[in-house]
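Several structures are given next for inspection.
Common to both upcoming complexes is chain A, partnered first by chain B, then by chain C.
And now, the complex of A and B:
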């Protein structure tokens, strides 16, 4: 394998003294798209913010390394970090309205991003800004440089954010729920745009999302997070065809897409994710897991290789031969008998 | 009004003043019939008018024209006292469970509040009813003393549902009631809503931007676009053979959890780059969807004649499109 552009090693993040990201490791190859999928509170956004060094008190990184090329971002001074952020690694956020400065024209904000890292003369920066705005699909880019964020629709604002994030040709782009605030018809346009630009420019991307459908269409590989840890990591096609971890499997089954059987109850996951500080011993998914046995409580479960994937489970789901070739059959896999917890939802 | 309709909305209009002295017709001549004991799904993107419509039905807003009849009675011509009595039969659950619960009250105060407001029974009877309601929404009795901040999103939404059911309503408006919930909890609440409907014979108006969820829970579905219903009909027909190009676009845009198919869908949809920023055309000239429409963008009739909601195919839905069915 070629050297990864981003190598996150055993990242630990805590709120005060309570651990919220508990040893996350992943590598991002050049041009790769990795999905970080999980529900709220799983630690996926804090992982991204920590990579960017954007945590504020009382949230802080308590251990691990974030290697960008040969540099550990966690060891950099503020000034050194400022030279890296926006230039070699960028991030876009869920809410484009609050990420843009409402008092500055869109053009000035793109020029600012260019100037932070590339000292170019004013006219040239403006020309580059117009090109960028055109690249992200904003019509009449030259005129639109002088418009303010409120004069753009939500989808167009997110395009502006993408232009800013890509202004200095970063190697890595982190996208934190980039389409969650957008309408469904706009969502696919924006994802498609990120897809195209990152391919053209060879930018490696981490897509953080709660939406498995969005991840399915965009990512090469997916890491599923639960209670601050990765519980499964594999190629997108393998995950959707044969999820091994009971949580990944349950998450897919509980997703209400256009294919669910409307005549029966949804296969919901009983209970709710544990709160930070109250994470169960052993496997953190154990209290909600239909496959859990006593041994699951004994000791921390490790993320181990299994058929080309990484799975944090001592009783992973087995898939019947052949079922792996048909996406969607994860729903039919053997999950084990329902337990008492499944009949007593209390979330 | 059809025999079986519990709620009937006819030609409803709600206008808001907008910038530059213009008018925004947030709801522009909408009619729906919600059959007793069924779920009517209302789907649309932001700004389509679905929440304004629900607020008019709940009388949180006064419509500028049109009627809302409940159980055969026109609500606009009713006395204040009658409306107040009717209010107990019509309830609502909103999107943000924490935002809609009083933070300084306990779960038992919150669920019991409608009972106190309508002076239902004495203290002991009310507290028995609260216990019954918590049991109904499958919350442990130990929750009664908790405050909203001690509840998870799913638990808070169960409390909001219990409060809505306190006065034995016939009709519940669910306005994006599961949209803020995580996937695993959303499925639990949808299951609960269906169970409650069966047990109590409730009628739902279910408003959401999420087509998957609307399809799962509703028997009849209306799609709204810029203040109008552009397609309406039974779930099976609407999803199997959508007649309106906008319905087709919405269905194509819903991500599906199948990597290879989703990739193809995404590419096809992405070819319409820029469609999200085409200017909206004035309401008075032709079809309001035509600036984004793959079928009628260049057709004369679409520019000059506002399409009416009418049947096009045998046994199909009603659609407001001159060229309905062409896209399917």
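And now, the complex of A and C:
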């Protein structure tokens, strides 16, 4: 296996003293697309912002490592971090309307992204900015360089954000719900654009979304987050065909029923996710889990390998036809040994 | 563009309304300019009083007095002082210089102090630096300009003799002495005005630094200094402009008092003198001039903000 471009190890993030991201680890291979899905509040965005070092008080990283190539981004000084951000790792944010400086032309904002890492002369930087704006599909890029953000539509602003993020050919692009603030018709255009540009440039991507339809179409692998932890990670096809964790299974089933091309929000799952600071002992999903038994409360559950996936559950769903043990298992289950004993923890 | 027209029209209406109000209030005040001028002079008879009244136009109906004041103004003729008989326009002109200079220097000094202090404070809200700066600002605000002025005179003029305590030397006569005589009065004014600008700009900066576009800038790899100066400060300064307009008005009022403390013969001294003498001819024009300056500054600042903000200035590109 090739060395990962991004290797997040046991990332811990806290708001004040309350842990909100509780030991997230994942690796991103060159050119890979990883989806990070989960309900709002599950810590997806905080994970991305922490990787970029963009957290604000009182949110701070309390542990772990973020290895980009050979360097741990969490150990860098601000000046060192400034040389990495925007150059080797970039981010696209949720709300393009507020993410651009309203007082600067979009040209100036793209040129800034270029000049911070590449001291090229003015005309050259402007030409590059125009090329970028053209690449992201803004019509009349040369003229539009002198326009202000308010003169762009939401979708066009997000395209500008993509141009800024890709200005210096990063190795990794973090997309934090890049289409959530856009209207439905623009969403797929923007996702397709990210898809195409990242393929062309070989950029490894983390896509944070609560839209499983988008994740299914875009990602090679998906990591499901719940209450600040990864509960399942596997290839997209495996996850949609046979999610093992009851939480991800509940997520998938409703979406798959509708068809993955339907952009749908996460299906409702009975109960509420736990509040940070009030996370139950043992498995955090236990209070909402139809399969929970007493043993689930005993001790923290490990994220362990299971059939090529990683699952954080001591009673993972084993897919066999016709089992109706909980809503949503009836349809796509596959035959498999129905026991927990097959899991051999080898951590 | 509509905004500009609307703003100019409103300012004009405001100016006319102010002139009516000033005129009415001064006439409603007890006291009589002729009586004030004659004071306790011996041998005054009714005929003399009537002659003085009519020569000043005080026997005419109020409406006609108002209109002759306003039409005279249009020709640069503000009438003559009821007391000294000197033309009001020349009295005002000689008093305007010190007041304007003091106001401009006071506001400039306030901005010069407030902007860096606000940036330092906003970097870490509720940090020790923020708390110290806010505490010093509150202390500065607690001193009325004349108290600050007196304290400064005691310390820097009487105790250490660094600066003159009183007097105004015109800029045209001796620029160095002029500035020396302006330092203490400007500080007295800035002591009250700078904290106001500081507190407003600080809170705008805190908002701006917390915004998504500042996060974008940091995500691009912009150093902290650039994030502050290029992204946060312009966005915070724009709404603060209106505040600076208001503070200029406040400073204009403050300079009237400060002049008095430092013995400048500016608009302050002129208006106090005119008020005691019930010299409406002088007082109404001085008060109107100060009001007009205030209206003009607010208008300028609003138009400047409109022009600097691409969202309001209109579409391009």
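Just so it is clear, the second predicted complex is superposed on the first by the 304 of 347 C-alpha atoms of A that agree within 3 Å, B and C clash if a C-alpha of one lies under 4 Å from a C-alpha of the other, contacts with A are read in each partner's own complex, and residues count from 1 in each chain.
Going forward, a residue touches a chain if its C-beta (ideal position, glycine included) is under 8 Å from a C-beta of that chain, and two chains touch if they have at least 3 such contacts.
Since we're looking at a predicted model, the values are computed, not measured.
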| item | value |
| --- | --- |
| Which partner, chain B or chain C, touches more chain A residues | B |
| Partner chain in contact with A:196 - chain B first, chain C second, else both or neither | first |
| Chain B versus chain C as contact partner of A:278, first or second or both or neither | neither |
| Partner chain in contact with A:146 - chain B first, chain C second, else both or neither | second |
| Chain B versus chain C as contact partner of A:269, first or second or both or neither | first |
| Interfacial residue positions of chain C with respect to chain A in the complex | 210-213, 215-224, 230-231, 234-235, 238, 308-311, 315-317 |
| Chain C partner contacts - residues on chain A that touch it in the complex | 52, 54, 56, 78-79, 81-87, 90-91, 93, 95, 98-105, 112-113, 116-117, 143-148, 150-151, 161, 164, 167 |
| Chain B-touching residues of chain A, taken from the complex the two chains share | 39-40, 137-139, 152-156, 183-189, 191-193, 195-196, 210-214, 216-218, 236-237, 240, 250-252, 254-260, 262, 265-270, 272-273, 327-328, 344-347 |
| Residue ranges of chain B touching chain A (in the complex, touch as defined) | 45-46, 138-140, 152-155, 182-188, 190-192, 194, 209-213, 215-216, 235, 239, 249-251, 253-263, 265-267, 269-270, 272-277 |
